[in-house]
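For reference, the structures are reproduced in the following blocks.
Here come two complexes built around chain A, the first alongside chain B, the second alongside chain C.
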Partner chain A sequence: MEGNRSLMAVDPGDMLWKIKGLTRSIIGDLCTGHCPTISVDRFRNYCKKNSNLICGCSPDYCEGKSNLTFGRACQARQINFLLRVLLIIQQLLQEKKHGSKRDIYYMYPSLFSAQSVVDRAINDLCIILDCSRHNLNVVSVGKGLVMGWLRFTEAGSWYDCMNNLNAAHSVPVHVEKVDDILSMAQYILVVEKESVFQRLANDRFCSRNHCIVITGRGYPDVPTRRFLRLLFETLHLPTFCLVDCDPFGFDILTTYRFGSQQMAQEAKLLCNPEIRWLGAFPSDFEKYRLPEESLLPLTENDERKIKAMLGRCYLQREVPGWRSELELMLQRRVKFEIEALSVQSISFLCQEYIPSKIDEVREWDSSSHSQSPFTTYLLSQQAASTHT
Partner chain B sequence: MDNAAVADDRIPELCHRLISFAFQRCLISEELCKIFVRLSRCQHSDLAGVRVSVSDTAVASTLEEFQLLRFKGEDTSSEKWDGILSVMTTGNSDEEFHIYDLNLKDSTPTSWLTRLPSVAKDGVKFSGTEVCFTVLENLDLLVIESKQFFQKMLILNMPNITFELAIQEENSHEPIYKEIFLPNMWQPIPFPATNVEKLKHGLALYVMEKRSQPMNNYAVDLSASRPNFKFGIGSICKPENYRRKTSAIIMEAVVVMNDPPEVEGPRLRESNCLTKVFYFKDFSPMPLPTRCQAALRSINWKSYGLTLENIVDQGDCTALKWGNLSLDSKSKSSLWHRYIFLDNGKPIFPPKKRKDPCYKKLLKEAAKLALDDLKEKHAGSLLSENAVKVCSHAPDLARTLAGLIMSSNDITFQGECLSLLGFDYDGIVSKSVEERIEHKLISVMELHDRKPKSQKAAAPFLFKDNNDACCHVLSLEEDYVEGSDRTSVITEL
Partner chain C sequence: MENGGDEEFERTLTFFSDQQLCYADVLPPSQVIARIEVAVVNFLRTLTSPATPALPHLPLISRQMSNSHLNQGLLTDVPWIFLSYSYSTRSFMRANSAKSFIRVWKVMEMCFNILRHEKQVTQRELYYMLICTTSGYFSSQLQVNKAIQDVVALLRCSRHSLGIIASSRGLLAGRVVLQEPNKAAVDCAACGPSGYPITGDLSILQNLVLQTDARYIILVEKHAVFQRLAEDGLFNQIPSILITAKGYPDIATRYLLHRLSQSFPKLPILAVVDWNPAGLAILSTFKYGSIEMGLEAFRYACNVKWLGIRGDDLNLIPEESLTPLKPKDLQVAKSLMSSGFISESYREELMLMTHRGQRAEIESLYHHGYDFLGKYLVKKILQVDYI
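Let's turn to the complex of A and B:
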């Protein structure tokens, strides 16, 4: 089952109508002696079958329902959180105001006890009311940054990144109000970390390359992913992703590519299926002759995380090359950060690594559509190893 | 107390057995009966001897019942009692009193009984039995034990049976002490009343009397203050011989609860955590057998909002000690004084010697039926742990739902919700809405906490009783012991 959520704005009146319907239904049940139950669809965007078998997983795939009932203590507590957040949202919608998840938490901190309680309640409400978070007037503070060959409006105001190509701008929070996107870029580069983003800005990367650079500063928030998705859908530009060669870097890459499990119900709207992994690969260690000192051993947690990720069905089904690189990381039991590439030269990343990677992709695009460059490289390495 | 011979050093127990036999003969007679225990100090002896007489106006006794008291291979040496019972009995149709001397310590089949010359009744229509024996025992101990025993027997609340205890000097006809024990006159019992109905009222009287005792740090005038008792009743009937259908074991359980008094003393607070359990077998109080304790342990008490911490021996009875009763918890009030009574129906007397049937399942099922019955009849009582937790969320949930209604800028929506809640729209304040929703939430939870009706449907009662007890008939596949038996138990919180 697929949700009906949209990037487009929904009339607040419609949302209020749904909220009132839910309230009326609960009151009606109570007044007729029935134990109210709230049904919540449960979504997943991957399973852990780790095989080529058809498992039915896809972005926005509904795997079943959870019935929250007042009759169970733990669920009554959960419903209490849910309705309290709904009360706040009703007020926001009626007053045409916006609030962040953090704002909501601080309205009843003793009740909610943790931010994660509010986060989960908002996710569940999005599913129950069949909408996206921004439809509830709940917005993020916005932690993403963007620079490069881009110009757009947000709620009528111009944001012109091209005025200063190497200056960071915040990713717009109200992505549904972004319009008039104009760009002269040839590709979009997504980088995991702000430090790399700053490195590129310092090296005037966008002045030398016609591109747009975005970072979610770690795990990307919803506005960053939605903005990236909007740029891709509007500009149809190749999109590359540069992350650390460690389990968390890989997980961040898959979050951009497939969406997160936590917000699986909106994965279809937040995923970027065309994004390509530019680096850093475990195989880059030999290719770029990195010194041993720049390598870090995998911790037990790292290994556990890699093993868990290897089980995700979408890796085997859609990006087997990525999975092979991940296996290689586990075999070698080492990781390294992108900054390790700067050991030879501070500008190595901007001047050599990224351009060469992009060239590889382009060459591969023009020559073959069967294998990604890193898969080709990996297979050649394996062949050489076997031959030896 | 089982159907075994009485231990030589347990003279009070011998008295209890004899009273119990008299009681069962009274039940058979179905006429007004009196059980009279007279204790006389023997002055002709240098030793502190006590002459005990247990008499009744029931049907005549048989030798068979005294066979049950005979010593069998045990150590028969005694410093307190020679083992001799002097029995005088007569039936309505008899023309004379039959008199025997019975030596319970004599194991030979013939010589234990000495028939003495009968005494003519001179045409008087009369039935009854008197059993006398002399023991070297503390008189005060016998008085206390007898009184306690009568009080427990009164829980059985047979309206046709009264008890009397008298102390007198030998060769004197005037007692120096006398006390009469009457069944519960506080509340009329419906007629015809089942055993379990009688138990309900007997138990209520027992609770009230206990509450009025000064040791509880407060006094209650029985006539002025009648606590709001809540009863639950459960019956289990197990056919003893399916093909002939001649008899059945009946287990009946009564649970009694009453609200705590407004003023609580520290001892009272402590006793809040306890539920006394009285166990009756064959219409006679006895300690709760170990296997029955196991049955009580195996009940899922959490579904009644309770955590059973331990089962403790309190001397005169067994008590269930709860681990989750705090003074401010809701379940506390629902736990104040609870009794479980188990009984096995009408007597067959004297009881036949037989293998002990496995009562564990019967007891557990009867107790559960009684608890469920109470829960069903009294909303909010014995709420499960889950329901108590849910109810603890009710104020918050009510506040939120009231907020969703009252903060809405849609007047039509508000009107719909308020109408559903039974309000007229004008002049409604949020607090009233909140309270109404909270009340609805708790009501729904209490309803939801009860078992599905399909599980509560009563199976036909083999021995018809016009009571409202939940009665189930166990299937033949369940534990089964041939023969008939009668057992009784009680508990107090």
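Let's turn to the complex of A and C:
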């Protein structure tokens, strides 16, 4: 179901029309004496079946429907929540305002006994109305930061990151209003942690390298993922991801690449299928001779998490190289953070590690004869700049 | 001429109270390096003294309640916390503080090297550098942070001067234009609902040129409320500047707020916090400073007034949104009450909270509609309903 899920803005009028349609059909059923049923598709981003079996998982994979009817008491309660949230959303759309999930909860806190109730209702509504959360005017606070060779407008105001290359700018919350994207970057670097982003800013990384640096400050929120997707679709630049060498870093990496299970219905819009894992790998420990003291032992939770992630079907299918590094992490039972790379020399990360890793990727691409068109573009840019 | 005379007079009156005051300087790297060298020389001198060689103690400005005072300037009405010259010592000779003695020296050594190379590091990077070069003395980030605070107390210079980068946590929006020298000006009213991120680099904040036509500064506790108010354009409905630290205030946000209040002294600073002890604690930190950051506190304290939510607004909050206080809230309330610098009216509010055993968040006002929060704030501001 392609429907209205896209990065483009959707006319609120269309959404209101859909809401009217849904309400009309429920009332119609009631008037004719039928028990109204709302069916909600269930989506899955990955499954944990034995990786030998072939599963049908893919972005937007619909694994069935669940039906909600008025007939059963618990389901009727769920429909009540759905309709109540729908009412609030209709108001938001009519008044051209935006609200967060928490704001919606606070409208009727006695009815919605917990935040999770509202979250679930919103997700179901997105599936039923076949749209994205932002089409319902439900937004979250912006968490991401961006800097580098980029310029764009959001609802008419200019954001010129190129004016001050090493200063952080907030990732815009209303990504559908972003336009006029202009960039002189050769690649996009996504970093997991804000502290690494600060290190890059402090070392003036963007002054020396023509790139865009983005951080989601941990697990990326929806605006950051949408923004990254927008850059991917507009600029077609190679994208690299720098995370800690631990289970959470890996999970964040897969979120950028494949999307998350909670937002499985919109995975296609929120992921970047070409993002490459730049580091840190477990094998980097020997390669860059990191100090022993910077290694931390994996906790029980860490091991459990790694084992759970190893079961995800898309790893074996799409990125077997990533899977082997993850197995190595489990085997060695240690993890380390990116800051370990700064111990011997503070500028090691910016001056040596990142540039050499990017060069490696280019070499690998050119030697494997399956050079992606993006790497060709990158090399041609380099050749052009060495000429001048 | 007359203005100059008034300033002189003010300075003279606060002269004696300032003599008791100990503060952390914002210094250029060369001066911090010099202070470290002086500390080493003093240590060696005591160690090698021909008459009485001894291992000297490290005199650190004590960061205890007993050493803190509330300064109520005679002519100013901005009270702030300062630490006086009472020392706690780190001594190598006492078993339980021997390791912390060494930790202070190790951090000083690391900072010395960092400053010599004209670099800056984050606290996490400093932690890794310390555990990889001096095994056995540092076992957690917390110990590193404590040792850093000890060095601040010893050398009496700010953490930023030691070469430690602070994170950028705060946001700014509204009717203010910022300009870094030789860069283009940024109009915070055009920054959209996400606002302008306040950099953690104090030296950049120091050099910012500020311009405004606002009449109020509105300090918001939470990010979500900041975004809502920025999106609703509150700063255009009533000319104002919105600022938030997204929770517990960091040095950079406090510093910028301080600069705004110094550059535009006629603008009242109004705080919008949740009705719970933690919200009041955040307000107090902006207002008085905090004892842990005691040495750096006074520089950045501002005359913040409490706009909302307060006790008399409780009739606007639906019953279901009033949730019970948690044990942690009660702890925070207790420490605020015993701190000795909370004003009488704030104390009454705290007692109301603990008496009712309830708390409420700002978002509970959305029950009356999304634009209710903006209207409620505007009404309170125009009625000068803040304490």
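One rule holds for everything that comes next: the second predicted complex is superposed on the first by the 356 of 388 C-alpha atoms of A that agree within 3 Å, B and C clash if a C-alpha of one lies under 4 Å from a C-alpha of the other, contacts with A are read in each partner's own complex, and residues count from 1 in each chain.
Going forward, contacts are C-beta pairs under 8 Å (C-beta built on N, C-alpha and C of every residue); 3 or more make two chains touch, one makes a residue touch a chain.
Since we're looking at a predicted model, the values are computed, not measured.
Engineer: Quick check on the chain A-based superposition: chain B and chain C, clash or fit?
Structural biologist: Superposition check on chain A shows chain B and chain C fit without a clash.
Engineer: One more residue to check, A:His34. First (chain B), second (chain C), both or neither?
Structural biologist: First partner only, chain B.
Engineer: Among the partners chain B and chain C, which is in contact with a greater number of residues of chain A?
Structural biologist: The partner that reaches more residues of chain A in the superposed model: C.
Engineer: Check whether A:Gly142 is in contact with chain B, with chain C, with both or with neither, and answer first, second, both or neither.
Structural biologist: second
Engineer: If you stack the two complexes on chain A, which partner ends up touching A:Phe70: first (chain B), second (chain C), both, or neither?
Structural biologist: Once the two structures are laid over each other on A, A:Phe70 reaches chain B alone.
Engineer: After superposition on the shared chain, which partner residues are touched by A:Ala340: those of chain B (first), chain C (second), both, or neither?
Structural biologist: second
Engineer: Identify the partner contact of A:Lys287: answer first if only chain B is touched, second if only chain C is, both if each is, neither if none is.
Structural biologist: neither
Engineer: Just chain B (first), just chain C (second), both, or neither: which does A:Leu86 touch?
Structural biologist: first
Engineer: Quick one: classify A:Arg42 as touching chain B (first), chain C (second), both or neither.
Structural biologist: neither
Engineer: Chain B to chain C: minimum CA distance in the overlay, Å?
Structural biologist: Least C-alpha distance after superposition: 13 Å.
Engineer: Need the overlap of the two footprints on chain A, from chain B and from chain C, as residue ranges.
Structural biologist: Chain A residues touching both partners: none found.
Engineer: Any idea which chain C residues touch chain A in the complex?
Structural biologist: 114, 117, 119-122, 124-125, 127-129, 131-133, 135, 165, 167-168, 171, 180, 183-184, 190-197, 199-200, 223-224, 227-228, 231-232, 318-321, 361, 363-364, 366-367, 370-371
Engineer: Under the stated contact criterion, what part of chain A meets chain B in this complex?
Structural biologist: So the residues of chain A in touch with chain B come to 16, 19-20, 23-24, 26-31, 33-36, 70-73, 76-77, 79-80, 83-84, 86-87, 90-91, 94, 111.
Engineer: Please output the residues of chain A touching chain C within their complex, sorted ascending.
Structural biologist: Listed in rising order, the residues of chain A that touch chain C are 92, 95, 97-100, 102-103, 106-110, 141-142, 145, 154-155, 157, 160, 163-164, 167-174, 194-195, 198-199, 202, 291, 293-294, 337, 339-340, 342-343, 346-347.
Engineer: Can you list the residues on chain B that touch chain A in the complex?
Structural biologist: Its residues touching chain A are 385-386, 389-390, 393, 396-397, 400-401, 403-405, 407-410, 413, 416-417, 420-422, 437, 440-441, 443-445, 447-448.
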